[in-house]
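As written, the chain order gives the labels A, B, C, D, E and F, with residue 1 at the start of each chain.
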Amino acid sequence: MRPSERAPDQMRTVKFTRNYTCHAEGSVLVEFGNTKVLCTATVEDRLPGWLKGKGQGWVTAEYGMLPRATGSRTAREATKGKQGGRTMEIQRLIGRALRAVVDLEALGEFQITIDCDVIQADGGTRTASISGAYVALCDAITWLQKNRRLKKNPLHGQIAAISVGIFDGVPVLDLDYAEDSKAETDMNVVMNEAGQFIELQGTAEGHAFRRDELDALLALAEKGIREIMQAQQQALES
Amino acid sequence: MRPSERAPDQMRTVKFTRNYTCHAEGSVLVEFGNTKVLCTATVEDRLPGWLKGKGQGWVTAEYGMLPRATGSRTAREATKGKQGGRTMEIQRLIGRALRAVVDLEALGEFQITIDCDVIQADGGTRTASISGAYVALCDAITWLQKNRRLKKNPLHGQIAAISVGIFDGVPVLDLDYAEDSKAETDMNVVMNEAGQFIELQGTAEGHAFRRDELDALLALAEKGIREIMQAQQQALES
Amino acid sequence: MRPSERAPDQMRTVKFTRNYTCHAEGSVLVEFGNTKVLCTATVEDRLPGWLKGKGQGWVTAEYGMLPRATGSRTAREATKGKQGGRTMEIQRLIGRALRAVVDLEALGEFQITIDCDVIQADGGTRTASISGAYVALCDAITWLQKNRRLKKNPLHGQIAAISVGIFDGVPVLDLDYAEDSKAETDMNVVMNEAGQFIELQGTAEGHAFRRDELDALLALAEKGIREIMQAQQQALES
Amino acid sequence: MRPSERAPDQMRTVKFTRNYTCHAEGSVLVEFGNTKVLCTATVEDRLPGWLKGKGQGWVTAEYGMLPRATGSRTAREATKGKQGGRTMEIQRLIGRALRAVVDLEALGEFQITIDCDVIQADGGTRTASISGAYVALCDAITWLQKNRRLKKNPLHGQIAAISVGIFDGVPVLDLDYAEDSKAETDMNVVMNEAGQFIELQGTAEGHAFRRDELDALLALAEKGIREIMQAQQQALES
Amino acid sequence: MRPSERAPDQMRTVKFTRNYTCHAEGSVLVEFGNTKVLCTATVEDRLPGWLKGKGQGWVTAEYGMLPRATGSRTAREATKGKQGGRTMEIQRLIGRALRAVVDLEALGEFQITIDCDVIQADGGTRTASISGAYVALCDAITWLQKNRRLKKNPLHGQIAAISVGIFDGVPVLDLDYAEDSKAETDMNVVMNEAGQFIELQGTAEGHAFRRDELDALLALAEKGIREIMQAQQQALES
Amino acid sequence: MRPSERAPDQMRTVKFTRNYTCHAEGSVLVEFGNTKVLCTATVEDRLPGWLKGKGQGWVTAEYGMLPRATGSRTAREATKGKQGGRTMEIQRLIGRALRAVVDLEALGEFQITIDCDVIQADGGTRTASISGAYVALCDAITWLQKNRRLKKNPLHGQIAAISVGIFDGVPVLDLDYAEDSKAETDMNVVMNEAGQFIELQGTAEGHAFRRDELDALLALAEKGIREIMQAQQQALES
């Protein structure tokens, strides 16, 4: 039995709220149950130094957690004077996943920065971030198109992400914090709309996982991602 | 005429939403019009080194802005590797103001940290932070009392804060960003429930201000603070 | 009775020594009693990046304390790897105050940096810094004029600063360390030669201050600033 | 055709040289073709603060690259003042993988730190590091046993790691730099001696990968890891 | 001809002013011509962690330069966020030289920190610092003795330091900045009262120096150090 | 008797292995007995900002130690977030010594960076670094010449370095760690092929050293450097 009494293949309620704040070119609050992440997309017409004059744009991401997004207070990284390894790992993952569906040459010499800031954490913040970042990215690209800054749509796919894991011996979908902290295996999966893999990151926490367990986890992930993609589409169409 | 078409002595709508997030001992979203700050209070039973064994507690604050809380993106301080001067100045101000109404000995050996994170900025983030931080602090102290960790109530006053300034030659109350960026004088006032001053920080941006202008500004501030205090009380009673 | 046996409205001896060191375009040792601050002004013909090509100059300030300027040794900020919040707050204040009397367009594309380094501290280092920085700034501008680098004088006013506070229930002028560390209210006031306010920063340390106390403090500040301005004038004329 | 003319399922020559340096409790130079990493294991009887008094030990890893391990010089992280995101990601991965085969309670209150320093890089430095780190860890544990500091052997498994990827449309084993920089998909796999997964990290660089491609990659990885494990065993027995 | 018109073996005027500031246990302004360094000695009864409980004390030094001690402004190290290599090199040298004449066990569990802050620079700041630091150290030890904190005098020697160099082909004593910046060889010598070497640091700037040049430089250094030691003695006796 | 049973004037075995790694323009493993340092030379056609457009090149050095090059583990500087004073001192010394034999104008607008990374330490790492760096520098300059990037050879001399010291009252050559940690005096000498001094750094650790001791140490150093220079020549000719 899962702590949340969900069925093994049952997602938490997924919700995307667009235009959550007023300044950004894209601003989406994504909720996976109690996990809430604000994803904002910023369009700038300046590029990092190493990309200048190469006739292409860039999509990057930064990740942060409000200090009390978590059960006990997490020290503020700005105060500590550096981002931790977990933060860097996550923001590199988000940026990489987004770039997998963007034609950087078609984007032209714009940089889009997606900031994913966790307002409230209950497991799965990195997969919620990726899923919400995609919606914010869509809005930013639509903004560029409305302002006639792009010749063609640089977006050539849809992505979403979900965590799966083995909890108490059973493969389960969309782990919350109560499960995540005790899971024997934890896997984050990013897929595109064709059900192909963009990223796959599995970690054995308690014991190594077998090939048949991997297969079960991937099947769960595919189901979850399909549901998230529907929610993304509905949000984008509303 | 103010850009927002408000009367010179008219506040923006002030709103306090308690329990905005689920983990913190106090969690308040404060809104002054489009300015939105999440204030969370964390209670910990460990103290900074220099306070250990002195038979008293501590109240401190940290301040941050989400990168796209502002019209153009502000670089993340965690990425830059340090907090800027403005951030430090503001968080020192918030902490000092809160400590003015707390009996640190009555608090016992607890530390309460108030995190003020700006979700959306439209001027007045520091005064909104102080006003919201007070409500979060009340909730954290109530939490301590409910958990029977305090012998007596360490809170001996109420505080709120507002900005006033001279815009286009006219003293005005509660400056939004459009006014703040052009104001000739900008003043932040923190008062207690008796109308006494806790902090007074006035800066001549364009031209020096005269004594009679100061008097007009202080009168406006007093009016605004009285209104905020009513809103704080209503929120705390609800 | 004040620890120094001064009358409530009595300043410490104020002294400005110009050309205290030999390299800077302005170099002033300012003394408020035992508080001694070396203020040097550096003229450079390069500007911070965000100001380039805007047809104006810049005036900024940095503040530091020698480790043993204080009663017990203060850790060196260069060793700790960052400037503390108090330092940043003070140097921002000094820069802002100086810019209030400089026409940055008339300055042309020069940057003047005022370094205020506390050689010996006995309370009031920030107000002594501002008062001394003004004299160093005058010398730097005279240097620019002598070298025919300016078309018109960019200085359009005089500033000085003083601290006032409530000590043992009595409003007093120019707090030394013995008073400052016990004052119930501490206020720093920066004024121009017309008696108008440039900056006003009041903090209730022990108890909130009433409007009539504020009035008394402002009157004391005005008296003190008039005396400092005379000393500045005498120093500049000598 | 692979640039190195290897068959798709052909590893580079793998070599483990024990006792490569003289001071460490374990010191192994691992070579995967031209990729050379020095893995040293340090045993200390002090633990990180958060682990003290919990009756268990810790295994952790740090990763670095000599500046000219690479084709063009990489700036020294000590000079830049921080470790980059890639470094943190890799060292977290190495540490996690090693802990998967160590019973931390059986280790007692010792910390073993594995430093993986890349002397020469030609692709696959993280998987070479993990494979070499395992051998260094074995030597460190043997050292502890010889010195009668352990009651039982804390090591309960063997690990090795390999990279696989899709190069020019073909799944290939053990990518060198020429392949890695052009691969469409890149996957790092850590397995134990039972062929179970410890870590799985796949990234689509060029295009998303399908399920059948994943299956082919995992089969290659399993073959490669079996070969590395034989080389580890031979080195440990020599 | 030297720029200052001094004879090759002629020192600048050397002056030690004790009790230059009021808080430190030793406070000495040392002047070598236009080079002015404030050396303060701080006595604390706490030790660095690695020395605790070893029954001995510690003597250490820190070095800094006011930003405008130099002809053009030097960026403040506190602002840059770290001490430069030159600063570290100098402060390590000062500390090492002082420890050469202190019996650390006789000092007991006290730490004496000597801060050498350059108020005005004209070459030779490191040798002036060492020479002044010695006098400040004497005063700090006298302070400890007067306060009956020491059983025996931990000071067992006198040190002083001077720079020598080859300028325009001629060995000269006590280089000022005009000489230092053009010298072909620059050597700093620290000696004790018996004329023995504590430190010797010679650097060929323009061309390598021969053994006979070294001999000439050492003879000059010995002469200069004898003169500085006399000035130290006179200052300490006054 | 020396711990290593060497005669007082006996060097350890000195060995230079060129082309130790494959990417760098110069790559030399230098061994002084058990001390092993990898020196790589990188040629780049970009210069530090302050040198641009001055028609000359630059030679600089960086120094590092692998964490377990030493008997007990030394914390990684990249993890600590800064290079220590010892590291900075050494890398400044290496760079200065190399520049003494390079005509920077003849080098043209190239920068050569020599990285000296200690693989295994047993005393004398800085002198081994300098001696190995010279060989790597030669190879880098040969590389530039082969690639027809230089009009004339910018190298106008040969350098090598050795440590000497007083151990147990006896002047000895080439101290290993067992001697170095107990030596009363420690001196590092850099000479050119004419037996002239490039750098001389002597430190009295236990007691001050007399002039006759200095003479004995310099004689030993000259002998050692002659031997190292022969080994350098042989390596370069092979």
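FYI, a contact is a pair of C-beta atoms (placed from the backbone, for glycine too) under 8 Å apart; a residue touches a chain by one contact, two chains touch by 3 or more.
Source: prediction; values computed, not measured.
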| item | value |
| --- | --- |
| Chains touching both chain B and chain E, listed by label | C |
| From the options A-B, D-F or B-C, the pair that copies E-F, where over half of the contact pairs coincide | B-C |
| Cα superposition angle of chain B on its copy chain D, in degrees to the nearest 5 | 120 |
| Chain centre separation (chain C, chain F; CA means) in Å | 50 |
| Computed distance of Cα centres, chain E from chain C, in Å | 33 |
| Euclidean distance of C-alpha centroids - chain A vs chain D, Å | 28 |
| Sites on chain D at which at least two other chains make contact | 81-82 |
| Complete ring sequence of chains beginning with chain C, oriented so that chain E follows | C, E, F, D, A, B |
| For the chain C and chain B complex, residues of the former touching the latter | 82, 84-86, 88-89, 91-92, 96, 100, 157, 187, 191-192, 194-204, 207-211, 214, 218 |
| Contact set on chain F toward chain D in their complex | 21-24, 27, 34, 36, 38, 40, 42, 44, 62, 64, 66-73, 76-83, 87, 113, 115, 117, 119-121 |
